[in-house]
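Note that the chains take the letters A, B, C and D in the order they are written out, and that residue 1 is the start of every chain.
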Amino acid sequence: MSSKSGILQAFAITIMAATAPAAYAQTASIKIAVPVEPANIDGCNTTVNGINLIVKENIVETLTVLDPNDSKVLPRLATKWEDTGNGVWRVTLRDGVTFHDGKPLNADAVVKAVERMQSTGVTCLDRTKIANVKLTAKSIDDKTLELKADPAQVLMPVFLSFIGVVGPDTSPTQLSRAPVGTGPYQFVSWNADGVQLKRNDGYWGKKPEVENATFVFRGESALRAAMVKTGEADIAYSISPQDADDPKMDKAFLNGETTRIRFIMQPPLDDIRIRQALNLGFDRGALVGTVFSDEVVPATQFILPKINGYNPDLKVWPYDPKQAMKLVQEAKTAGVPVDRPIRLIGRTNFFPNQGEALQAIQQMWQQIGLNVKIEMMESAEWLKLVNKPYPAERSAMMIQEMHDNNNGDAAFTMYFRYHSKGQQSEMNNPQVDGLIDKAMAETGAQRTKDFQEANRIIATDVIPAVPMYHMVSQMRVGPRVNYMPNALSTVQFELSDITMTKK
Amino acid sequence: MAHQILSTPLADAPMPENRFKIILGMLWRDKFAFTATIILLVTILSAILGPWLFGDAAIVMNLRARNAPPFDLSRGFAFILGGDSLGRSILARIALASQTTMLIAAATVFCSLVAGTVLGLVAGYRGGLLGEAIMRVTDIIMSFPSLLMALVILYVFSPAISNVIIVLAITRIPLYLRTTRAEVMEVRTRMFVVAAEVTGASTFRLVFKHILPIIAPTLLTIMTLDFAFVMLAEASLSFLGLGVQAPDVTWGAMVAEGRAYLSKAWWLSFWPGLAIALVTMSLNLLSNWLRIATDPLQRWRLEKPETQNV
Amino acid sequence: MSDNKIMPDGAILDVANLSVEFHARNTVTKAVRDVSWSIRSGETLAILGESGSGKSVSASAVMGLIDSPPGFVTGGTIHYRSRDLLGMAAEERRAISGKKIAMIFQDPLSHLNPVYPIGWQIAEVMRIHGMEAGDARRRALDLLERVGIPNAAARAGSYPHEFSGGQRQRVMIAMAIALKPDLLIADEPTTALDVTVQAQILRLLRQLQKEESMALLLITHDLGVVAEIADRMIVMKDGEVVETGDVAEVYRNPRHAYTRQLLAAVPGQEPFRPEVERSEVLIKATALKKTYLLSSNAPPLNAMDNVSFELRKGETLGIVGESGSGKTTLAKTLLRLNIPDSGSVTYRGKDIFSLKGDDLFDYRRRLQVVFQDPTASLNPRMSIFDIISEPWAIHKGVKPKQEWAAAVRDLLTQVGLKPEHAKRYPHQFSGGQRQRIAIARALALKPEVILCDEAVSALDVSVQAQVIALLKDLQEKLGLSYIFIAHDLPLVRDFADRVIVMRKGQIVEQGFTSAIFTAPADPYTRELIAASPEPDPAVHRSRTQPAANMEAHA
Amino acid sequence: MGSYLSKRAVWSGISLFLLVVMVFFMARLTGSPADLYLPIDAPNSMREEFARLHGFDQPVLVQFFTFLRGLVMLDFGESLRQNRPALALVLEAMPTTLLLAFYSIAIALIVAVVTGALAAWRPNSIFDRIATLLSLIGASLPNFWIAIVGVLVFAVGLEWLPTSGTGSVAQWILPVAVLAIRPCGLIVQIARSSMISVLSAAYVKTARAKGAKSRRIIFVHALRNAMLPVITVAGDQAAGIINGAVIVETIFGFPGIGKLMIDSITYRDFAVIQAGVMVTAIAIFMLNVVIDIAYAILDPRIRMN
């Protein structure tokens, strides 16, 4: 055979191999298409979008996990935790767990992981969640350790779900691209073909069905959808509503994200009538099933119903353009500069169809007689507007925001957004400040009640924003696998939950 | 003059009173250029009259007409090309967008053409260290990431259409500069340039009267091709949030927005894409015509036949 | 059937009643009208005519090189050995082109492909006609040697731009004779070449023709060339044959008025200009020197070496030399386009290289130039009015704008054109007319000196004569001085008061025209005069010997 | 040749230096990486700590000298996001992009030059009209549009090709085709007009007089002479791809320099931006040298200078 035909044959084989998705049908190997390639997959970045899908509970496990449905704290690597007072918690570790490199899971390893997460030598983003708290870990015996929080934290069990226990040999100064953990999957490789994981046969828990998993990164929603359609991938994340056209494969789920439009309280937005008018003049129903998926839920507050502190008594603002126009007129008569242009700030690549949504909302607001101008900003520029310290002089602005609180408690939202000292707060309401401060130190029903009360005041008396929707994600799941996304699927995607379709 | 054959027609015919008529006649004789001119005129007219013609159809949303299919007259003529993802008439939006699109493309091409040509003339005519320096600056521009440039300009100035024009114009300068320089280096050695030089013509005169008219046709052709490029480049800037801002809209931005709906509603990005392609083609055909019409040597091809004894 | 046409006695190619038209959108040009001729094996037939006479078109028709459209053969037949060339299939025609009938062209530089080595280009013709590559390559080397390219094996890999004009024409000839064609068509083969080179090429053609017993069809405008090489000749004018016959016979006894006119227009027949000593010095060049460094490993080129002369008011100073003699460098220096390495040029006593501002502007005005190629020296995008009035636009204050129209009309009349021509563009004129326009532009500023850089070299003989007559007339009327640079000696002989002969950057001889031409002191001058083609066949035959000698040491 | 290259190298070195300096300062005008790198709810204390850790709290001039010191050792610093040497990241991404550029320009050249040459042989023929029309359409279609339509048609509809990825030959077909379309359209235009003028050159007449066939005249005699402007445009387009095939790389999941650069710019990963600009600039400068050499190979007259 001449070398020429040899090359041709090789070429043909390559094409056939590439075009035949059946090539890996024999083993339980799956491929997951996600939008963004992460910068690293370190076990101390388990709360970061894109990294979490790959790492969290797949490679690196946390001490506790939250129940996707009711946010209840469940044991993972920790089997027991108790408050011993003074901010000190005693944590008992699971027996018989080893890291992928063969090292045993013990108290020392956890202490190392906690120290690494807190060190300044490497920027662990999970630290953001417990930013103002100093955690000190101390090993008591092989399977027991003490964690001291300063100041004391009532939410320590939730905090434990942020602590990814990375292998003790993980570099203290480098973010890892080949993490070692205790999870049901271990890292194989990361290259142009994506990130490959394989099943960890020494896993302490139930043996998952999927043997090999590959995460590939494709920026375009249409392409991710197409990959599942053609059988090149089995699961595709973040399919935009217009690409989710196959009810057999596409699954929508509330993803924990809530959207709103924040007011910068400068004239005319400093007048409550205008803020009410903006809420009344926004037809929340119009965007459901059109611009957004028909599964999105109009929101009354910035947290989801499953979160502790959610006030179920609040009502969605009705669409009442007449009343809104009346309020604007009243304000105008009262001397409020309602003609002044109000900037409506969006951020590029925030969530699917955001631009369209803003244009639709802008038009609704124009119709009630307000002068709203859309400005789309690149993230860095947008960030300069939303974080304190704010610029000394600010004009009337409305800023599109999105927030996820998947941590079960309103505390992760309230202080930051609504306390007068909160980094992104526009409010200065002593009553709300008091309720937040109080609730943060409380537990149980009282905590819930205080947060609910704060949310009531915010939503009805202060009106610092236009609540929009609890958002959904669309996931496309191919016919080879069974997977039902849950409320945490965008932050904690357990490959163990996936089963292969029986032939 | 005992014997000489002038095979080219003599332009001794009395100067017709109406120049416009001659030009129109020359256009009419090139059917492609004629069609192109009509397309461009329609574009310009729609840029001027579009908002008046369609009223609010380009702005008013009607979520019931979301992604309305084309060629369905039940919603009125404005929806002949279908509705976009917010139920606005695509036809009306194309008309509305033609304004911004043309403004950006024309201004960008003009700015880069002027800057590139002037620098290219200097580099080609003066040469030397200055010329070399200019060429190296173009190397720098060519290697500078345009997205970063866009960001910098956005951060230094406030967002505006002019930013888009500046960014795009800077990135397009090297093209004109290099072409001009290469052509100038050739044209400046031609005899008629030397003849003018020894008569004492100033550099300004040599450059603008003798060199520039000769290289203009080449630049014209590049310009028309670049027009399309600028429209597309603007689209990718919009895509990154660095382009025009709503409610301003361009064809490029429409294509970019519509791309999300390609599998479901192809018409969202197809029509504005077609508009870009049509304008590009028209400009190209017209520039070919213009090249012939402004060249005394070729002009006869477009002139009225006097004797048709074939 | 035309395929069985009986050819005239011994003819290998017969053209009968050929008519060719060119169609433009507006006009139909009948380039060739009802032309008939034939050529016999081993014969040299010359077609003589000026530009636009149709002489080249008939040759192109024979080779099938007329682009159609716009050209159409509208009548007549062309038979090669009884086969109808016009009627045959393209494939059949291609088998004849290059193999049986070959062609060489004027301006070999542009007719050789610049990007392939010449050896390849010669071998190509043989490969096209079926020869194996290795054989073709070997034969190409033989051919190169045959046409007199020294060191053929090494030079075969060189590119056309690396050869001199004469060598390029030799390469073209090698290509043409590669397959021993029956007929070689030579279209103005020596027009752009220096006289001495021209003589060599013609000699080579004659010799090859004899050895290969080819028929040679020579197309030329030069009576001297015809006299030197042709057996029979045809004179064409405006697409028609006006005269045909044996060369000696036609020269001795021209029947057609046009032929007589052509013969009369041949330069070099007028009496010498009287030797007048003029005293007023306009331009004085002293010890000019200019060297060019071509590349780091080649010796520097002396473009001007110790060049000194004077131009006096009212005279014509002829500067004669072949390519590379430095005459162009000298012209550029006088025009201040070049700065010499050393030496000086003064104009009315002022050093022209230190002129600045108004003085320089004034010098630019006093000295005007007319270049060789009128097509290239007129901006194709400017109307004649714009071209002629441009000097006034440059030298503001010479003439107020409202007078321009009248002045342009006057100048056009003065140079023998019509005032209404002002509206036209350069391409609408013939070469001679364009040169008149260039002269009108030169006159616009009422200069003292006009530098004519090969100003009439590209023109037809009869047009040359007219332009020279115009220049003489203007000199008389306006008292102009000319620096007349030319490679054509007879022209200089008729027109110049004094002559400078240049060679390799040096002046080898200068003096009054009559003295130089009747008693040349320098051997190079003698060679030049001898190589110049002589339009009288009788005179020519008597001179053949010295021309042959020259080749040996060229 | 040697002196040409060394002169070129000196000038390029100066340009490169200026370029990197410009990028250094201009990038710092566009905001702080701390804001973008850290999550939105990161407290200010953490932002400050981050800035301190990476030296962004220093005055810009100090940062600049630190950068220059590193530059001498070809050390561009570490990527903020990936914690790895910036230069290594860039060098990892470069081959993919260079290959993309090479394949797409090579294919565009072959297709377009043949089409352009044939169109020029009979100007205004049906073939010419169609070629001109198609090439103009090709030159005016947005990349992302072609890419998605390509996936929908060839991967989803016809199932001939995979949608994306880099592993196999088949996966390269769509991206290369998408990148080739615009250069192809442009080159058809350029090749056509260049060929038209070359075909009227005198040496083409000589070739006809030799008895050469049309195909030989077009592809042997005229084409090589018509290539110079074609090479110029092809080079320009290749530079464009090297400098950012962002859209194609992002859509098809190609880990190339365009994608790396856009991510780095979005996150203000200065070290990677600087290293990326440097490496792409070197690639583009080298491309220009290659083009000059191609000129000299194509046209022996240029070799003289």
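What we mean here is this: contacts are C-beta pairs under 8 Å (C-beta built on N, C-alpha and C of every residue); 3 or more make two chains touch, one makes a residue touch a chain.
Keep in mind that this is a model prediction, so the values were computed, not measured.
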Would you kindly count the fewest steps from chain A to chain C, each step being a jump to a chain that touches the current one? 2
Nearest chain to the global Cα centroid? D
Averaged-CA centre spacing for the pair chain D and chain A, given as whole angstrom: 37
Just give me the whole-number Å value for how far the CA centre of chain B lies from that of chain C. 45
How many angstrom lie between the centres of chain C and chain D, each centre taken as the mean Cα position? 49
With chain centres defined as C-alpha means, what is the inter-centre distance between chain B and chain D in Å? 23
Mark out which residues of chain C touch at least two other chains, giving numbers and ranges. none
Tell me, which residues of chain B touch at least two other chains? 151, 154-155, 259, 262-263
Numbers and ranges of chain D residues touching at least 2 other chains: 30-31, 148, 152, 156
Set of all touching chain pairs, with the criterion as stated earlier: A-B, A-D, B-C, B-D, C-D
Contact set on chain A toward chain D in their complex: 11, 14-15, 17-19, 37, 39-40, 47-48, 120, 122-123, 125, 127-128, 131-132, 174-175, 177, 192-193, 216-220, 222-223, 226-227, 229-230, 232, 378-381, 383-384, 386-388, 416, 423-424
If you look only at chain C, which of its residues touch chain B in the complex? 22-29, 50, 52, 237-238, 258, 261, 335-337, 360-361, 364-365, 367-369, 371, 373, 376-381, 383, 390-391, 393-395, 416, 420, 423-430, 432-433, 438, 441, 445, 462
Chain C partner contacts - residues on chain D that touch it in the complex: 201-203, 205-213, 216, 221, 224-225, 298-301, 304
Hey, which residues of chain C end up touching chain D in the complex? 63-65, 94-99, 102-103, 105, 107, 110-116, 124-125, 128-129, 159, 161, 172, 175, 295
Which stretch or stretches of chain B touch chain D in the complex? 132, 136-137, 139-140, 142-149, 151-152, 154-156, 175, 178, 221, 225, 228-229, 231-232, 235-236, 239, 252, 255-256, 259, 262-263, 269, 273, 276-277, 280-281, 284
